[in-house]
Amino acid sequence: MLLTLPSDRGNGTSSPQDDHPAVIDVEALSLTVGTRAVLRQVNFWVPANGITTVVGPSGSGKSSLLRILNRMWDHVPRVRIEGHVRFSGQDLYARGVDVRAVRTHIGMVFQRPTPFPRSIYDNIALTLRVHGIRQGISDRVESVLSASGLWDEVKDRLLASALTLSGGQQQRLSIARALALNPAVLLMDEPQSALDPRSRDQITQLMLTLKKHTTIVLVTHHLDEAKRVSDRLGVMVGGTMEVFGPAREIFQSESVARLASATQEFGQ
Amino acid sequence: MESSEIVLTSHLGIRRRFGLGCFQAVNYGALTLVMAAFWAILWTLVRGSLPAWHWSTWFTVSQGLGGGLANAIVGTLWLSCLTLLLVVPMGIATATYVLIYASPRMKQLTLLVSDVLAGVPSIVFGYVGYIVLVIALGFGFSALAAAVTLAAMVLPYMVRTSYLALVEVPSAVREQALALGFSRAQIIWSIMWAGARRGIIGGAILSIAIAMGETAPLIYTASWSDSLPSLALTHHSVGYLTYVVWTFIQQPYPQAIALAYMAGLILVLLVGAMAVLGRAIRA
Amino acid sequence: MIRSEQGRLTSRGLRSLVETGVQTGLGILALAPFVVLVGLVGYLIWVSIPVFRYMRWGFFSHIAWNLGNLYAYHPVLVHGVRVMPGAEFGAFAFLLGTGLTSLMAICLAVPIAFLLASAASFGVSWPWRNILAILVEMMAGVPSVVFGLFGFIVLGPAIATQVGPWLNHWLSPIPFFSGPVTSETNLLTATVTLTLMVIPIVATTTRVAMARVPRDWVDSARALGWTEHEVFWHVIWPHSRAALTGGTILGLGRALGETMAVLMVSGNALNVLPKNIYSGVSTMAATIAGQLDAALTDPTRMAVHALGTLGLILMAISLAVNLIARVVVVSDGQTDHAGGGLAHGIL
């Protein structure tokens, strides 16, 4: 399923300088797990305050790419990462960089909701307390729950177990928890794929609100969802970034039909 | 850009750094402890058995407190084979029956009884096996009495592993076969047992590994014999490795002690190898 | 191989015969667990009846275990039971010995096992955690006589010459810890040997539960910038607490029923209670194995029956312990399922 792509955007190395400054800049990135090359020579960048989406078939390496951006591969044995990943100008993989610091600035939300088996309040408060924050916790809880659109639904039962929430609510709680540390970037790994259509829609709306203040990197295999939210779009196939550019241009280009059909074909 | 605000280095405060340090220290401490204990046990066996590292140990039978281990090794294998013959049909049948025929209550009850049996101390099997099989039924100290006792003891392991293997066979396949007009007996034979073969074989190997390491059920059922086991099932006592370990080690003769270490080493390696093999086949 | 049966929908005679035969055969074999359990329990109760008729509650409270005058010309009739004159069967010392060795072993083993589980599932880095998990499982499979051998050869002398005197020196204000260390086989050696045997069981049960904590939970805690110890305490530990309890009870079950290792290192003291941790003890399981030979010389069979009664009590305790462990582990499984269940259900 090779894609033929317009030559002007071929290999997707449009440079960061053209419209926005880059928050994250990935250059010639390769990832090898064991003996398997998962990513090969990937270049892409993420502008501030927008949604950058990466789509591709399962196994194309899009989730692996996302996990590189907050160093989640640190805990997996026999992994080799080559190339550069810069976050606001600093190399994430340089010596002396504290992975915990990286993750407070770059938050992450996963495919399945991951509420800790505690109260709704504690899910967020604990996150702050672990980082030594003692003051203004309840204000912060309220503000992130509001930001994730959950406050009105849970304000009367903050001390109830987070496991009593519905799947969509749990996912929004996971987002609120990630927002509690006020990250500059939020990585979202197929945050809607485990949810029902209505909850999906809520998450989509939430992303559109959040992008005003937060930089979002989204990985998904739903092309229509990517179309609704994306500012920039990258398409990954077989561990390489086949195309990368402004989302509107890519969706308008003549190859979009083929892209769509290919994506549907490989999606799920 | 606010890049000047973002500091990616030296993030942890004293408290968190201390907590992390303690956590890593005790974890690596635990690692060291276990490695030390494991090597201490292995090294004790290897060093103690050195005088018995000779071909003759494997090929001569024991004479009193000396000689070799041939009778004990063959005896352990002989008892294991007999146990296997008894326990495998019972284990598979029980697991199959509860999965295919039994009502949900019956299924739960059978599995509960089987699990409870796994908690019965081995000496209780030994005691009852002696009084009932050796004396009351008149088997005498014999391979049969020992194998029946061992089989009763490892039965719950065989039931559990067979059950887990059979449950893994997708019920959709079963229903498909039913829809094709297979009889239940055909389904059991050609779908269930064929599909669960690996798991069942692995479970049998694990059960036998457990049986091989046992002593308490055997002392009063197999007793001990200096000669190679005969094929007679009753009235002929049988030697086995665990007996050598626990009696010969308490003797004042260096030759006996070396044989006890050797028997211990063989047991550890044999049981360990079978456990690894059983687990690999099941996985 | 489709053979038309011309619309016949009833099964043929032979086929249904096979069906019934298979079902009956399997059903009969499936009775095996019931037969074994009922047989064991029934038989032990049966032999215990005369023992309780003779000893009454004294069986639990008396310390002396005495076969009586075996050279007496005639057995005597007491409470309608024939026994040798002067025979006495008191299990208190064995009950105490079993309780002391098992509980002390559990107290020593659980903290170590917990650390091992933490290290093997999460705490140490990659090749080591797998090596550790394998080593712990291998230790769980080491036959109990080998632990007995190790206790007899290595631990006993070390306790008699080093550990015992050291403990006596530093802990002598505590009553049970002070006293002369005169023997290699004693309560302390038995306890330490049992500890070694129990650790792998508790550690493996707990490790499996810890390793089963869903990857996404661990990842999302890490993604919040938490360190390893914070992830462990706030995510892994709450998920595996019940497994540690269940594993502890399982380990207790093994310690209570352990025969050979205790027989080799406990000193097998009869008719006395341990004065301190350096005294010899005996447990119910070890006594059955150790005394059966002697008991057979009793022409009235009471001594053999009394050992059966020990077996009955031991079995009752072990079964109770195992049932509790089962309840704990199973209910843990259910909460675990409910925890991840919502997300799973949607997938």
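Which chain is which? They are A, B and C, in the order written, and residues in each are numbered from 1.
Basically, contacts are C-beta pairs under 8 Å (C-beta built on N, C-alpha and C of every residue); 3 or more make two chains touch, one makes a residue touch a chain.
For clarity, every value in this text was computed on a predicted model and none was experimentally measured.
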Contact graph of the chains (line, ring, star, complete, other): complete
Pair with more cross-chain C-beta pairs in contact, given B-C and A-C: B-C
Chain centre separation (chain A, chain C; CA means) in Å: 50
Chain B and chain C, separation of their C-alpha mean positions in angstrom: 16
Residue list for chain C, restricted to those that touch at least two other chains: 225, 227, 230
Multi-partner residues of chain B (each touching 2 or more other chains): 11-12, 16
Multi-partner residues of chain A (each touching 2 or more other chains): 100-102, 104, 130
Residues of chain C that touch chain B when the two form their complex: 11, 15, 18-19, 22-23, 25-27, 29-30, 32-34, 36-37, 39-40, 43-44, 47, 112, 115-116, 118-119, 123-124, 128, 132, 135-139, 141-150, 152-154, 196, 225, 227-230, 232, 253, 256-260, 263-264, 285, 288-289, 292, 304, 307-308, 311, 314-315, 318-319, 321-323, 326
Of chain C, residues touching chain A in the complex: 126-127, 214, 216-217, 219-227, 230, 234-235, 238-239, 338-339, 342-343, 346-347
Complex contacts: residues of chain A adjacent to chain C: 70, 72, 75, 77-78, 100-104, 107-114, 116-118, 126-127, 130-131, 163, 166-167, 170, 174, 177-178, 181, 187, 194-196
For the chain B and chain A complex, residues of the former touching the latter: 1-3, 6-13, 15-16
List of chain A residues in touch with chain B within their complex: 21, 23, 48, 87-90, 92, 96-98, 100-102, 104-105, 130, 132, 184
